[in-house]
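Order of writing sets the labels: A, B, C and D. Residues in every chain begin at 1.
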């Protein structure tokens, strides 16, 4: 399913925050040296036709469409990149896989554990036909995170004993921020849980190489009534002038106590009401031989402590050397990368996997497992009890 | 019970880590301007007679004794300062209060909730006779912490929604660190729980001004067998040459999910196996109007974020101005204080309360409540369930 | 000289480090909303024909050429973007201006003050015909730097009294790093001086809004002999196997004491032999009302202190809000930008100026003045004396 | 000249900022284990008799006097500790040495180079009689600084190539801060130069192990007229109500470009008008094999980078381990020290030298050399030229 001459023709579904980020990422990835495939921006797909024409031209797409069902079947598309809200992921992804297209689906994989299970099963079937699916946990591709994973893999921090991971934002602190689709359970499935804790969970799994076995949790909505949105969507919405308000149906925040399979104690947290924390995905792992710390607000840096090292302190490493993960394509040391570059690396890895006909990571099954953890978090909050993560029963397609 | 001429004659019980820290603190407090009492180092009390003579001379005590029961009854002692391991707190404190002496008792107040309840009740009775008791949560007296409390009290961060508090150390990472009294449940009562989480709990209560209502927790001992101690005690012990080992009977670490009375979500954690974290008591609070962050390893600093401030960022405040809490006694701005100076402030506040015949803070009841939280943490770990903090039933003397 | 339909057809001369950075920047700038011109990658120009074909395709250029003299005269080019080593800047820029093309010239403007003076004079003449020239001090366009300039302009830090500015790198610490064109006076003109101190000087001028009036300096080459380069060019060169070495003819480092026109004391420094400092362009300004600090290794952050602010500390501002300079085109708060994005902003500002037929900043005269400061630094190091910056006599075309 | 039984009887001259700091330091030093001498607070000496009685009692002195000339001759004094303003240093120190007393003299050693030369010569003569003199550069005794010196001595950073050292304070930013003796050339000799740059110069010499050979400098007084002081002295003075003002006769700030003997480039700076910088003595050294950074506002930390270390980053070391310099006397790791503890270490080293009848460091000759650098800085500012540090001609007694 890769077209002749090493091109990978991409259809991006969605033209919001993520649609833009992916579009720029694919364009930038086209300039990478050494990649076996070269991405082509084939189609931009969305609902607002007027915006589509403008965006498609601006981002360099060959064409655009407002009919995703048609797009996923087109002959001139090799990969469908799904950047829509979670509620539509399953339908689009299943159709794309059925049409024999590779699929990249933004996280969370789905809004429900049932849908996620269906998707994982469908992806497994597709893979046996050489059609691959992956879920967009882009933070795995931040060089400092990749370096951290490498250090853990090589045993540099020993057995993991503690994980402390939070994703803190503050855009809902303002009570006049309006109701948008992200605050509507029907569209978004959940709040900080699916939007932010999903990243936390994936990062814990990726870095530790371990599963989260059981959780106990709290979910909270601190501001339960908000003005209806007058205009705009997503993160740039503004409140209407009238006093109409509506009910927030998702969580503002969640906090979780968890046990990893290897026995480590973990605290996980996600919130959109932490004043001053703009995008603070911070994770610290303490092992029997060392510690690691990463903060997305300073994503070019990694802190490492090793027991018995010459100096008894944390090293702050600026992960920008050409020998560091993904960095051979970029700039001399110290010329830092931005957030959006994580997508370039994600696409680079995805193209390599497709070219080599192997399963890209993270798979839909990884997306399903993250969803299973989120599901356990939800159930635990409701039942007020320790809850085992169910990685199996929902999986049958 | 204060001697003529504004002196406060102090007996320090214990000559270990805490005994030394308190002795230096009292000596330094004697030089404070403006305090209504002047402390006098009357007696140093301990078990090792040879060390006692040396220490008493060196720290400037008028005398020494190896019989605490005699000391707490002496006429020339106004205040008994208990710096022994937790197992002996109750007996000494009750005897001292019975003898009409003010009591300062190191934390944790006791090793069991029953003893803590007894102590709180005894302290309440003594207070009605003008004899006061306090528990040594010295971190309340770090200037940056006192400043943080003031800011919260004045509403600068609004309603607290999130608390994230950890106390991380790493001295038990080395599996050859020997068994000392701190790793023996009989002596120490618990491990990181009573030693470190006690500080976390008190700090959360002090800063937030709220009670911790319920908890769910994990306790873990990662290194369960250790060499027997050959020599030395406490934190400076060294392992014996022989291969004899013994069982660690306390926790290395604990992790807690909690709900504050006002609804805030809290994660609390304490561990002695976090490589590279030497004394990292770090707390962050997020409120509806701002955020605060404090780290004991940089105890002269406080970070504050305020919604709507001119600059959208955290201020790093070096809390060393003469107008800052406790700082009028010290140096020009930027000349930082050390860890041990928290005791000077603790004693300063205690002397002021005694001079003014009012209850010093934190009271034994505060010590009891902290113990009640630790007790709930222990029970929750055992029952694997959400556990309500019982602030009442154990209190009856 | 702007083609119909609001396109700006760009020829990039040079395919090295800077040629690549500019190429990506132009491509990314094409997606900007609200810009009145839309850049078109018309021609990539360089010496290595084989590489050119590959690069042109990969970066999205319509064509390529190895003849710059032809390129600057082509009808289908509106702007010539010069990314070659300094020695060739003057010849290419003069030809391009003579051909009526807008010119963007990488810094330093030229290798000699005479050439820089010629260029400034030529640019002034061209401007009167609506043909504009600008020099590529991209760090003016880092959002945090632009925010800093705004704060200073609005008087938030008062009168500048101290400037402390350094640009520290470490790629020449290794004595086996080979001789490349950057270490050859004939090609590069100078070492850390023209490469790094040029940025320092421009940043000081831009932020303070003041001229550097006089300087006294030291220049030093710590490693004077290096192996000849076997392969590669620029920063990625590797040493040959043979033992052949050559003489380094540029400075490794320079240090400068200076006086600003308004009376401020300044220390300026640039070096390529500061171990651990990868790209540390750090500037602190102290004024009568406040202080500012910026570090390129954390280019999304700005530190500000204001006398009399509610909290007596530096605010660390993450400059990623949509309301911050240049940020309306990017991501939600906390999603940081990378080094290369400074070029996108540079091109955005340049296109706006061209569209509005006004002089873009910094002008060739700005480039000349920076060169005049570097020239004074060189002369001062040779004469071992305070040296006045000559901003006039070399200017006549 | 050490009394029987290993006591060192100390007379402290001066009861201001430094007199207090030293008094507390001596008291704290008395509790040190393992020191061969035990300090005794014999006499506190000053001008204000009423304050003297109070201070002597509070700080624990056996007696007090307002006649320094008598004190330095008393039989029951072994060491004279001079904490008065610089103008009186020479007279007191010479008298004390003549009387056969060891002398500790606060920095700067003297207000003029001639006096400093006299003192160094007198100290050398006294040393041959077993009477020792030292100058109070206490920052050599900060554990992190001592660790840094050790690392440099053992070659861990290689040959020093760059030194960047500043001492920044902000207490003169407020133009209404009154004229005190510290702003009067007659009393203080100079401003930031003698007060702050003296520390910078000593630290550069101590850490690098090299002399500063030549300097070029700027001195500036930004606020030249200030209200007369109504009450108080030193740093806590307050302005009078009347509008009377007087002329500031010392520098607010100085900036220096210097060359070290080994060829390193150095920038040195001291100022009292850097808003937000409270006590920022910050030094960074770059060598051929590594870099070191220290900041007095975080005096328990040291940052080290080593070329070729396993991780390519700066280690932040919390210098609080018992195995670190001076730390065996203090607390478990992570329990940080304060500014005033540097004096305890200073006195500990001084007592060890006296007990072992060897010259303590830094000697009066070191004090003289620092003064010679300050003198060269002053002359360079006046002559506007590179000025050689004269370490010889003024030395003859």
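Keep in mind that, in the parts below, contacts are C-beta pairs under 8 Å (C-beta built on N, C-alpha and C of every residue); 3 or more make two chains touch, one makes a residue touch a chain.
Predicted, not measured: the structure shown is a model, and the values here were computed from it.
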| item | value |
| --- | --- |
| Distance-maximising chain from subunit C - centres being C-alpha averages | B |
| Which of C-D and B-C has more C-beta contact pairs | C-D |
| Subunit A and subunit C, separation of their C-alpha mean positions in angstrom | 36 |
| Rounded Å distance between subunit C and subunit D, as computed from the means of their C-alpha atoms | 42 |
| Geometric centre distance via CA averages, subunit C-subunit B, whole Å | 55 |
| Two or more partner chains touched - positions in subunit D | 277, 306, 312-314, 318 |
| Complex contact set, residues of subunit C against subunit A | 17, 21, 23-24, 27-28, 30-33, 58-60, 169-171, 235-236, 277-280, 296-300, 318, 320, 322, 331-341 |
| Subunit D contact footprint on subunit C (complex, rising order) | 157, 161-162, 164, 166, 168, 173-174, 216-218, 220, 222, 253-257, 259, 263, 265-267, 269, 271, 273-277, 286-291, 305-307, 312-314, 384-386 |
| Subunit B-facing residues of subunit C, complex | 302, 304, 306, 309-318, 321 |
